[in-house]
Every structure is written in C-alpha cells, then in structure tokens.
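Each chain gets a letter, A, B, C and D, in the order it is written, and its residues are counted from 1.
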C-alpha cells in the first residue's frame, strides 16, 4: 500500500500519469450481480472532463472509459473491475521549460525530493488528471448505493474566490459551468472568472457535498470513523486545504445547547452534526464542506529556485484551470461515494445480523 | 480492521471502555533500540488527564500506564509494545438514568443502532477516555521523531467558544489549564468558563498543532497523502468537526499569486501550504487547525426520544468537561505524531535510497 | 502492521514475551451480541497449557485469562475484546547462559540480526508461549462459527516422530496427553516419548485439523484464497515446516481422473480437494495437515558460534517440550477458526446478498 | 481488499478474466530509480506462455506486455506501474457446453455459489491465465532483488506424476520444456506426458524454488513470518495443494539433533531450516517445495451434476494443460520474489537503522 489504493473492502487502486499512455484504476470488492455499463461511468466522467467551458483548462480529453474486466453480460461478477482511460491530448512542450525549476505552491519540489526523479510531463502523477479515475470508480459506488439503499449524493460550489453562491435549487447545478445551485449568479461568476483569467492569476473555491438516505449505523467508532474517512478522502483531492462535517468550524463558537441536534418522534430537529455522531451515521443528511486552494500554475511571475538552489523567476504558461475548484464537485461526490460504499460493506460484515426494535427516526428535517 | 487500529507501519490498536476494567493499546512497529520508560509516557498522559483544574471533568483518574511488553532493559526490542491503563474512578450510577434515552449530539443513538447493544457506563467505547491511549502511543512516536529527526510537535488552544486566544509564546502553554499561548488572557478565560459552567451549558474550541523540522519528502502522492492522513487522524478525535492544513478555508478567497509560497535560497517566503504540497512534506512547519464541538452531555434539558420513540426531555448530570477542546491539545499532538512516524517509516521503505544533489532549502521563515 | 496482527475483518493483534509481565491480544471485529465469558476461553487455554503431563514442558503456568474490554453483561458489544494472561512462572536463570550464543535451529540468531537487540528470557517473543493468545482468540472465533453456522473444528496428532497414529475416533483425542485419536497406541507413544527425552533429544510431529459444516462460497479467488490464508496461518505457528490441503503432496502422483472429486446429487463422492476449489470452500470438510519440526532447544551438545563468531558447543537445559507438536493441536484448531471467521465476515460483506437457486449438495461423504 | 491484492509495501493488484479483453495488474511500491523496460518483463512472460510445446495448452497467446505508467525515461518513478496484457486467442465456443454443469475438481462450482454469477469463458477469473500477471509483476521484483541485493531466484520441476526428476544442474532447466534440471530424463518425460495425454487424463507435479543471497533478518516474528507469507503466496497459485519450507514433512521424523542446522564460523553446516528460523531469514538459501494437483479439465467422462442438481456426465474438451505443474515454475519464482521484496521493504522500514557487530556467517554450504 504505497498510497495509491483507497478503501478496505471496496478498494480503488489508481495508476497513471497526466502525459503517459493512460490512466486507470482497479475497483476490487464491488458486489456481484449489479448491472453496469461503460455508459454508466461515462456520464459521470463527462461532468468532470476538461475543455467544456472557457472557465476550465482547454486541454481536450474525451476521457473515454473502457471496462477491461469484472463485468460479464452487463453485470458485475464480483471480480475486479479494471477501468482504462487513454490519454490523447498531451502537449508536453508546454511543460518543457519547467523541468529544472520548482513552481511556488506546486508538488514538483516535494516529488523531486521524495523520489529523486520527476516526470515533468504535465505534472505527471501529481496532476489533477488522476482524479478522472476516482470519478469513474465513484460512479460504480454511486450506482450501488442508489440501487441498494436509495442514497443520493450531490454536490455544488458554494463559493468562488470571495464570491458566495447562494443555494437556490439542486436543479440549477447541472445547468451552468460552475456547478452553482443558483442560476441568477452565473453571469456575475462568468465576469469574475474572466477577470481572474485576464489578471494571469487563479482563485480558490468551496464545495459542499450532501448524501441523503444514508442508514443509521455506518462507520467505525474510534479510528476509521465515518467522518475521519470522509476527511481523509476529501483531503486526498488535489488542492483541498480544509474539510468540515456539519457545522464544522462554526461549532467552535456554538453552545452545547445549540449544537446538539434534538431528537423528536418526527426526526432530528436540526443537523449541526452533519449526519455523523461518534463516527457513525445518524440517518441525517451527511453534510461536507471543502476548501480548495487557488491553482499554483499561473502566468504571473513569482520567485523560486532552480535545482541548484539559485534564485529565479517562474511563470507557468499552458492550459491550466484558473479555478481548480470548479471541476472538483463531481470529484468530491465520487470520494464521498467511495467512503460510503466501503462502510456499507464493513457494516454488513460485522453488524449485518443486528436488528433493533427501536424505531429509527427520520433523518431529514422539514 | 474494524476501526480500532491506525497506521500502516507504526500501528496503534486501541481497546477499552470508559467504565470497564481498563483501557490500553498495542503499538506495533516501533523501531528497536530506542530508550523507553513508563515515565516517558506518563508525562504526556499527565498533560491530558482529568481532574487537574475546575475547567475539566472532575473524574479522578491517575491514568497510570504499565508497559506490558516490547521493552527489555530499558530499550524497545522491535516487538509490540502493549500499554495498559487501569480504570479506577467509575461512578456508573451517574449514568444509570440515561440507558433508555438518547442524548442530543451524543453517540449513544448511533451505537445503539449499529451494534444493537449499548454499554451505557460512561459512554463505553465512545467516551473521550479512550483518547488517553492515543496520548500514550503518541508519546512513543514523539520520542522517536525527536531523537531521530529533531522533530518538535506542539499544540495550543487558539479559541474557546467565541474567545480568540492570541499567540504570544509557546512558553505560556504549559503554565495554564487552557493550553493558552498567552498568559494575559487566562483570567478572562477562567471567568468565561465559569460562566459557561454555571449556565449548565458547554462550549466548543479550536486547537492549532505545529510540527517543526519535518524533512522534505514524507507522504504519499495520491491517496494516503500526508495531509489526508492528518485530516483522518484529527477527525478521529472525539468531537472534532473540521480540519485545516495551512491556510485552510482562508485559501478559498486567496489568489494563486498570494497563496503559493515563494521559494528563495534562504527558504520558503511564507507558509500558506502548511508544510505540505501534493500530499508530501515540504520542510516547512506542518500547520494544522481543528474545530471541536461543544460537549453534548449538558445539564440543560433538551428534547429527545426514548428507545420506544416517545418524546422525552433529557438532561445529563455527572462529571463532564464543559469544553472538551481544552484537553484536546495533547491528543492532537499525539495524533500528528502518529501520522508522522508512520510516514517516516513508509518513506524509508520505498525511498530510503534516494539522494538528490539539489540543496534542500530551509522550511522555516525568519 | 509489523507482523503481529492477523485477519482483515476479524483481527487479532498479539503482544507479549515469554518472561515479560504478560502476554495477550486484542480481538477486533467480533460481531456484537454473542454470549462470551472468560470460562469459554479458559477451557481452550487449558487444552494447550504447559505442565499437564510429563511429555510437555514442566513450566507451570495457570494461563488465566482476563477479559479487559468488549464484553458487557455477558455479551460481546462489537468493540475490541482485549485478553490478558499474566506470566507467573518465569525462571529466567534457566536461560542466562545462552544470551551470548545461538542455538542451532533456534530463532535467536535471526532475531539478533534483525533487531540488534535480543530478549533472551525464555526466547522472548519467539517463544511458543505466544501461541496461548491465539488459542484464546481462536476460542472466540470457534464459538461464533459454531453458534452461527454449526461449524465444528477439531484436530488430532497423526504422527509423532516416526510413529504413525491411526484414526479411530474423535472421542479418544481428549482422553490422552498426545491428542491421539486412538487410545490403544497411547502406551507405545508414552514409551517412545520417554526414550526421546532420555536421549536428550526431541522429535517432530504431524497434526491434522478438520472443519465440518463450512458453507459453500467462503474464500477469495486469486490471492487471499481460503487455502492460502490457511497455509499462512498454519505456517505462522512456531516450528511448522509444511502444510497440506486435502490430498496435499499425494496429489502430485495422482491422475486428474482420480483427484477431482465427483459430484453426485447425494454429495461429493470423495474429498481430495480438502474442501476448497479455486480458493473457495466447497461445502466438503476442510482438511489440513501440518508438519512440525523437532524442538530446537535440546540438551545434546551441538556446534554453534558466539556473538563474536567463535566456534563453541551449545546445549540447552531448562524446561522445553521434547515434542512441540503435542501442544500444537489446539493451536492449529485456533488458527483454522481465525481464518474461517475472517472469511465468513468477508463473504457477507461482498456477497451477502447472493442467493442461488441451485441446490447445494452435501459436502460430506458416507 | 477483496482478494486481488498481495503485499503490504510492494503491492500487486491483479485483474482480468481468461477470455475478457485483457488481464493486467498494478504494481505499487516499487522503489524509484530502477531501470525497467517492457523487455525485462517480457522475457519472464515468455517462459510461462502457453503453446510453447506439445506438453502444454495449445492456446496461442503472445502475452505481450504494455507498461502504462510508473516508468519515465526508462526508469521507475516510484508511482504505480500498470501492466496490461491483451487477450488475443479466445475460443469461447470450446467452453459453451459447460456453462450449465460443474467440472469435478474445478472452481466453477464454488464460484457459482459464492457470486451467483459465473463467467464460463475459459474459467473466467479462476483460469490459470491470471498467473501471467504475477509473472510480470514478479519480473520487476526479481530485478530489484538482483540489483540491490544480488539475490538469485530459480526454480525447477522435481517430479511429474510419479516420475522423480533428479537435480543435475540449473543449466539444464531452460533447455527443455519441463523445467527439468536434468537433460537426460527429458525423453522419458516426453514419452510419459504423451501417454498421459493420450489417456485423456492429466497428472500432478512438484516444483522446487530456491532464493540465494537473501540477507539475514527479513521476515516478521509472529504473523507475517517469511515462511508464512511464502506459504500463502504459493498456495495462491492455482492447483497448489501443499507447501514445504526446508525439510518440510520430512522434519516430522527427524530428531532435534539432526534437524537443527549447526552454525560454524564458515557458515551453517546444513539447511533443514530452508533458510528461515522464527519467521526470519537466516542467510541460508530459502528452499521451498510445492505440490500441484492434476488439471481438473480432462476429456475422461466423470460424474457430476447440473445447476438443477441432476446427475450428469461431464467431459471437458478444449486446450488444457495436461500437467499444469509444468508452467508453474516461473510462477512460483515470481511469487517468491514478490514475498521477498515486500519483506525487504518492511525490513528497512522498521529495522533499517540496525547494525550489529556480530559477523554474519555464510548461509551457503560447500
């Protein structure tokens, strides 16, 4: 386990570099008998793929997925599902001039010191391109969670740079390039992003992800808590610098009498917990917020050093997302799905027999 | 792996309930030949133990640790180090009346539905008492990191409820019951906490943890990123609802030209990264902030249900921390130490041979 | 995971040295709600304990087990079950003279070179004493397998040195100190063992373990095969040098038309497979044979070297089993139980939903 | 971890079915900086590939490997190495008639009951075809062990059916289709195998694998012993029914004074241990023997049942190895290499700092 696998029972093992021949993954542990086609996966990949608007990288990748194994006559067999995505648009020349220097805020400095070798082609393994395979694997997890438990996982952007995005409706999210749940704000965001791009700079963002209909009782109590595994999964997304569950940092200034969600026969009266207590799901919606830093590869000149330690100025040209957070929404959904299916399987391994007579109260409010 | 072990190569397996005979852990993977005594562990346990001031739970536990294995003639042997802490102060009667109801914000609801069985004695396994064993295991990790790499791990509270605590000096932290790095604010915090307690309520808090002198190159690149494992570890602490690395949520509104830390021959010019880029340590200080929710067990009456789903009012008496965040500082330090030692060992497994000629620039800033 | 844990979902983490304060383990992953008492575990420990006849070590250990956690009101809670066995009879002086030399066939040479430190007290961690905790953990596994699936796990010796032991009846096994399934041969074995002991030598043995009523479908298909995990578990027992499943080495000279067990509506017509095909249980009895080498600590002088590499003669006095295989029967049963429960839980995680209409044919013959 | 990954630090995750589009694996944890080309892997694959003589399956697979990731400018980068082998010769019609029945001795019965779904195309996942990916992954491990530690891993057949094969020289092994270390016996083996094939039957075999120059100190002491991990690895090879380390089952009838290898300043005086004591390598050659059952798919009619439980007769036509053991030699070498590299990395993680002054005596004899 050298850091390219995730999940104990539903395990995703990822491989591939940005400008190598292909990226892909092996999904091990998917229960047998579920209908699965390449189209099921492709539709999620298409939500993340580059080049779909002027606000994301202009790299043109079709991100066409091929299922190499684990599916027979349209159904999962219980054996590993290997997914392959060939890289097609690799303009390595864009990156040639940066192989001898380190970009401020970029992983090239740490990779060099860790491995003593560096694949400068598009950031190699550190590129956000790798996240495509998580979206692909997450599509399988999402489908199982939906069909088996009715779980719905959705995400949206809640902030771009300093621009807050109000929540109006889930319906709006797919209708604009910003995954914004409010159509009215879209023109303002477009103007804002155009200005950021013109200033040769980049900007951060904030994404909210919600899972509805998660049963009570998933998660482990001490380590491998459901919220800990979610925090782990989210922080594994490139550029994420913060994770909140439920009230998150706002809970610091709350009183216990305000924070603790009251239980009523009709359900929980609020959801400051974000759907998790003691590391275990409550039946409330699982609520997660993540902070994403601005893209490090920018065209503004900045101070850095070369491999000999000499001071230089670095500016990065090429096709970079001015706000990596924009395409992070489907990735965050996928990561949440991967954590949930793993705990679904863990739960039925250890506690599959448990039946309590106590009524489970509705998790949702209103 | 049912959620009571943590770490791939330096593995802590925890056991024990709040009011059972004992708590403890097995630490597997500690390199052989390090001097280790019970006193080394005890001094860390004493920082976390209950009953040391009126601002924490009045339970009186000496938290005396016994080393059962893995140490011979004062040195670690490379075999598992088992640590045992007997419980001595168990007033189970304090909890007797709550076995049939669920406390708002407490794990008793989720435990009941997961396991179909519930140990109501002091919260059983969900009690913060379990964190003592992490502090004990963390003491071993801290010692190795210090002796082998000169790494210093320190934490302090930065906020109690709505009260911000300025950073004046690390020296102040051990001189007051709040782990506050500013002595001048202590009287104000004492008055504040007295008021919270008198109002039969509880309050949240915020803790900052820093690791200095971490070498460049620790951490994995895709999953098991150093920051992901830190987020996982911190969110595994009871009551934690949010984790930030470096600039954290503030990075959302930053520009790339502001966030990315410039490199100079004298070192990094800033530390928005919090010491981690692409999941791998940079040599800068590792900076972590965590948000801790207010204690759920409070004496203020709140709406809840009983096991039959009938509405009831619940108020919890007993000896609870009015602000669990206060004792969280040594726990957070321990968790950071456990993550770092695990990645130290992982690093030398895979990349122990790597030597780069490039000078490593200083991580710290003037 | 530094080699002291076993099992993915039902995980045993072992600790302790032969002459340290205690040995013990943490059992994580036991399903909640099973009745469990110390007596359930003690009865298995008593089958393995030293000092019960003149044919085993004369060390007098009561091997009294204490349950430290994970059981409440007589039932497992789903949280880790910690088991503690204090060492009481530690005559370290018996071992004093061997700290500077290496015994032929003993692990002290390899421990020294691996760890650079060595606990000579009774072999420290390499002592067969550690196997007591496996028997304790295995008792929990056995109980669950029996109650949940009706699985019966039994073992017996089939050979001591060159003496073959015929199988007459399971009833005989507990009625003699050799775990021999044939009472008539016992006097011969006693005389044989007395002669071995008098010759200041030791001898090997062979043990057969059988699990009945294992359902079809447990085990993984490629790695983590049920037979691979059994081989792993058995070879983890001190002194084991060979493992066979079903026909084992006899299958080398078999024809396919002889080896492959025919299926009939009444059940399998034979059991050369040993109950496992393609890594997955068939419903036949699981049949395992293990070879155990003679004890390395003997009083016969043998050539060796000291720490400086000088030639010396070594003879080991003290209280050693003249045939370690004798006490291996309950250990082998425990190891098989630990593998089976782990796969039982893994099976229901991934394939818990699968129902096939095909009738399952009886696994047993005659 | 649903049974398709192997290794803690050097992890191979396998995928693919016999008659699906492709088979392959992801190798995670290979140290960076090692030269690696497809040719390095291809040469090992060619030793295992089908269709090379009339004594193995006549399926014609070029087994051409493609490296998809983890190698840049001819060197490993430390990131996952994905290997892809497209299937080209899939005559599914050969298997069409067996989808509704179960072959005696074959995994189709157990797969059906485990997964409730069955891929009859060439045995799907249970086919020995999957072992190609282990040979590919093993080639990487072998190369690293050779370059870093001078370790040489070699295997040969020691028995085919009832025919014992004497050991004359390693030189002979590659010069005949039986991996026989004695050229003189080859005509006899050819005649024997021709007779087996004509009788529409199959036969078992025995393989010996040896690793030379393994350093002292690799392996874990209690579980994850080096010999336990080897037994696990070998038993994970299709059709293996028994594993021996060193003297193996012969040690049952040995005396301690015979079995324990004496140490002299010139080295060990014998090697009954097979190079492992207490789970840790001694520096002697590691010696492993495995028993392989006869192929279950034979053209001789045998009793079985169909999916409805009705009695039928089954005979399997198609292109099957009459002795699967023949092609097992490179597979067994690969599995041993995978175990050794994993323990090499584990050793330097935990004990990389240990230096003992004691001279290490030569492991080899004569």
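Everything that follows uses one rule, which is that contacts are C-beta pairs under 8 Å (C-beta built on N, C-alpha and C of every residue); 3 or more make two chains touch, one makes a residue touch a chain.
Per UniProt, the chains are A, B, C, D = Chorismate synthase.
Predicted model only: the values in this text are computed from it and were never measured.
Chain pair with the larger contact count among A-B and B-D is A-B, by C-beta pairs in contact. Note: the chain lying farthest from subunit D is B, by mean C-alpha position.
Taking each chain's centre as the average of its CA atoms, subunit B and subunit D sit 45 Å apart. One simple way to say how far apart two chains are is to compare their mean CA positions; for subunit B and subunit C this gives 39 Å.
A straight line joining the Cα centres of subunit A and subunit B is 26 Å long. In subunit D, the residues that touch at least two other chains are 1-5, 8-9, 14, 29, 32-33, 78-79, 114-116, 125, 221, 346, 350-351, 354.
Residues 1-5, 8-11, 13-17, 20-24, 26, 28-29, 32-33, 66, 68-70, 72, 75-82, 84, 114-119, 121, 124-125 of subunit A are the ones that touch subunit D when the two sit in their complex. Note for the complex: subunit B touches subunit D at residues 8-9, 29, 31-33, 78-79, 221, 345-346, 348-354. Only residues 1-6, 8, 14, 102-107, 109-116, 125-126, 130, 159, 161-162, 196, 199, 201-206, 216-225, 227-236, 238, 240-265, 269, 272-274, 276-282, 291-296, 298, 300, 302-305, 307-311, 325, 346-347, 350-351, 354-361 of subunit B touch subunit A when the two sit together in their complex.
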